[in-house]
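First comes the structure, then the notes that go with it.
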């Protein structure tokens, strides 16, 4: 028994993405955002996409490239505060935005990855975020139904991987990546270092390779990954 | 039958082998066969079983057998382990059975009044693996058929079984009930039909043997 | 800013457990079962306990000691197959047993640890495990409500820890431990090695110390932790 | 006011400091003060902020500032990070505010038609931290009071705020509305009452200053 090899050229890895797909994108700010896969998706050209991402990065960075190119119809997110361009698109009606509480977005994605239907939560139950949500009674208390989220593809950034797709993250570049890596039909991971099988210890794996479909080795990192000067 | 069942595993699959007969399938997979074996207590990439003296006290499969890892194994918690199962990442599971019905219902966890230790992870494996096959003796110890028109015992999951490997035959569960696919060497279609408590469709072509 | 020290003597760590408490116990078979904390709880003597544990270990091992001493009124579990003694107590009515599908028990505990009310699942929906469960409609489909589980205390076994209670597990000794370590009011971890602060890398932590209340350093491990001869 | 707010942190607490003014509290905690700072993007044990040249590109707080770790820091995913918040493991959060009501309602994420970038993690912090305190200027840039009988803006969470630190005063939210606890040096109770758009209870004893 040996574990299969899932390393791919980047074009091959993202070839399956189609117009109208839902695509999850890891990252919280710069850390963990798969900048290179995002550029490949711009080149690929799939349109009418629904993106799921914590934030919209900053103007001219990360998923803002996909917003600029007009490939995104809908964005499921938690906060756009650092991207005035995204807020402009939202206010003009060119982009439909669905806001979630951050931890609830995380749980909805995780529920999708765990094969659950939904989670019940009381977060935001007395705020406008509760509007339009299904409510169920349990134990004499009302709960909001927060449906599981899955995607056609997930774009993941990891620090290290092996050819089977076991992934390890560093620092705050973990964020939504391990959750999204469970919740898509096709999971594509760009990684800074591809180690040989066995190079990543069984106990240091954050995302088991079972969840991952394609591993793309990054070359030298572009400026977009670097520390942002503010 | 175990060797025949092992050939059901296609290259690249993620596979869970249930407690009992299915566990033995691992001995029929070559060292360079590309496959990922999963066990629900939190390991992907199971390697060969270990004896007492070379065992790692912290490394067991769901049946309690001491196992090893392979290059690229990963360990995870029980929630992640069943996330793999329920989210459709398990290509195949091989399970034992008390009874299988002609519609693919599986009963393998409870004999009311006699045996009710709990279902463990069996319900999720049976309900959510992309393909569920059963590995079992054709009849129970008393000689009663395990393949029946309907299960009498409490179900593990309904309509989940695609194929059954027994000591007598390979049988598919089709939309029209059981269909004989292969027989064991020296076993006739009539032998299989007599040991099966439901109609058994025969193919028009000669039956392969295993 | 320095992180607080949570190392304790074992008696002090388990002193808070009271008669009638719900206690989660990590482990799947021998790996990850906190054998030493279990013995301390036998000595402590709290009665009428509800235990939450994947399995009942084997006769004369792990939580079987608590069953033998008559301290357990109720057991929430997935499988008792290796403990004939526990099955005997259940059949005689001396022990109330609630069976859960294994992954659903894991999710119910995780939901408790994540501050959710419940998860919606379709596992076992056409079996007798669904009997008596609340059903809700969502997206035109029925779903079982699987309520979150929390405990008064959780007994955890980890391989390594630092004094703040960051925990790391090895091999299949992980199992339910990281989940239960999130889901109890008082989380007590026995650990094979206590490293100084900083000795456990930030990226190799499985359970953040924020969830952990008491860290108990183990001395030499007893025979109960060893490979079982069958 | 930031220094005063820092004294609100008791030894041993797990604390989340919101974006804006609250983040500055970290500069008022000594190196040997026992506390665990949490940031919702996945880090417990935040150390001092880093400048551009010494920053780690992968290590930021939820506001995007480059931070450092301390011995014993741990990194985790966003689901685990909010599990900490929602399950009651966060002893204290310090948040900014647009408005706080006399019943402790907090509005800090949306000004309809002007500012609606999404609430991020604010709703969960406000609703689930064991103690929520607010750190804000007493009035907005136009001079309008932020402390009001009722919030006009969409709520972040209802009845969550226990205490408010402003440039003028420390004010508790009690069952009977706002109660003045301390004033800033040189500020009278009358000054505070005039800048507050709701009744303000005064203590019978002399007011401490900060």
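In order of appearance the chains are A, B, C and D, and numbering begins at 1 in each one.
Keep this in mind: a contact is a pair of C-beta atoms (placed from the backbone, for glycine too) under 8 Å apart; a residue touches a chain by one contact, two chains touch by 3 or more.
Since the model is a prediction, treat every value here as computed from it, not as a measurement.
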Contact-richer chain pair (by C-beta pairs counted) among C-D and A-D: A-D
Distance between chain centroids, defined by C-alpha means - chain C, chain D (Å): 35
Computed distance of Cα centres, chain C from chain A, in Å: 31
Distance between chain centroids, defined by C-alpha means - chain B, chain D (Å): 56
Averaged-CA centre spacing for the pair chain D and chain A, given as whole angstrom: 29
For chain C, residues that touch 2 or more chains besides their own: 107, 114-116, 121-122, 169-171, 202-203
Chain D residues counted as touching two or more neighbouring chains: 43, 75-76, 79, 82-83, 85-86, 128
Chain contact graph, described as a line, ring, star, complete graph or other shape: other
In contact (per the touch rule at the top): chain pairs: A-B, A-C, A-D, B-C, C-D
Residues of chain B that touch chain C when the two form their complex: 39-43, 52, 55-62, 64, 66, 69, 75-79, 81-83, 85-86, 116-121, 123-124, 127-128, 154-158
Parts of chain B lying in touch with chain A, wherever the complex brings them together: 11-12, 14, 26, 29-38, 43-47, 69-76, 79-80, 82-89, 128
Chain D contact footprint on chain A (complex, rising order): 28-32, 54, 77-82, 87, 97, 99, 101-107, 109-110, 121-124, 126-129, 159, 169-179, 206, 225-230
Footprint of chain C on chain A - complex, ascending: 107, 111, 114-122, 134, 136, 138-139, 141, 143, 145, 147, 168-171, 202-204
Interface residues, chain A side, partner chain B - complex: 1-5, 112-116, 162-164, 166, 182-183, 196-198, 200, 202-203, 205, 208-211
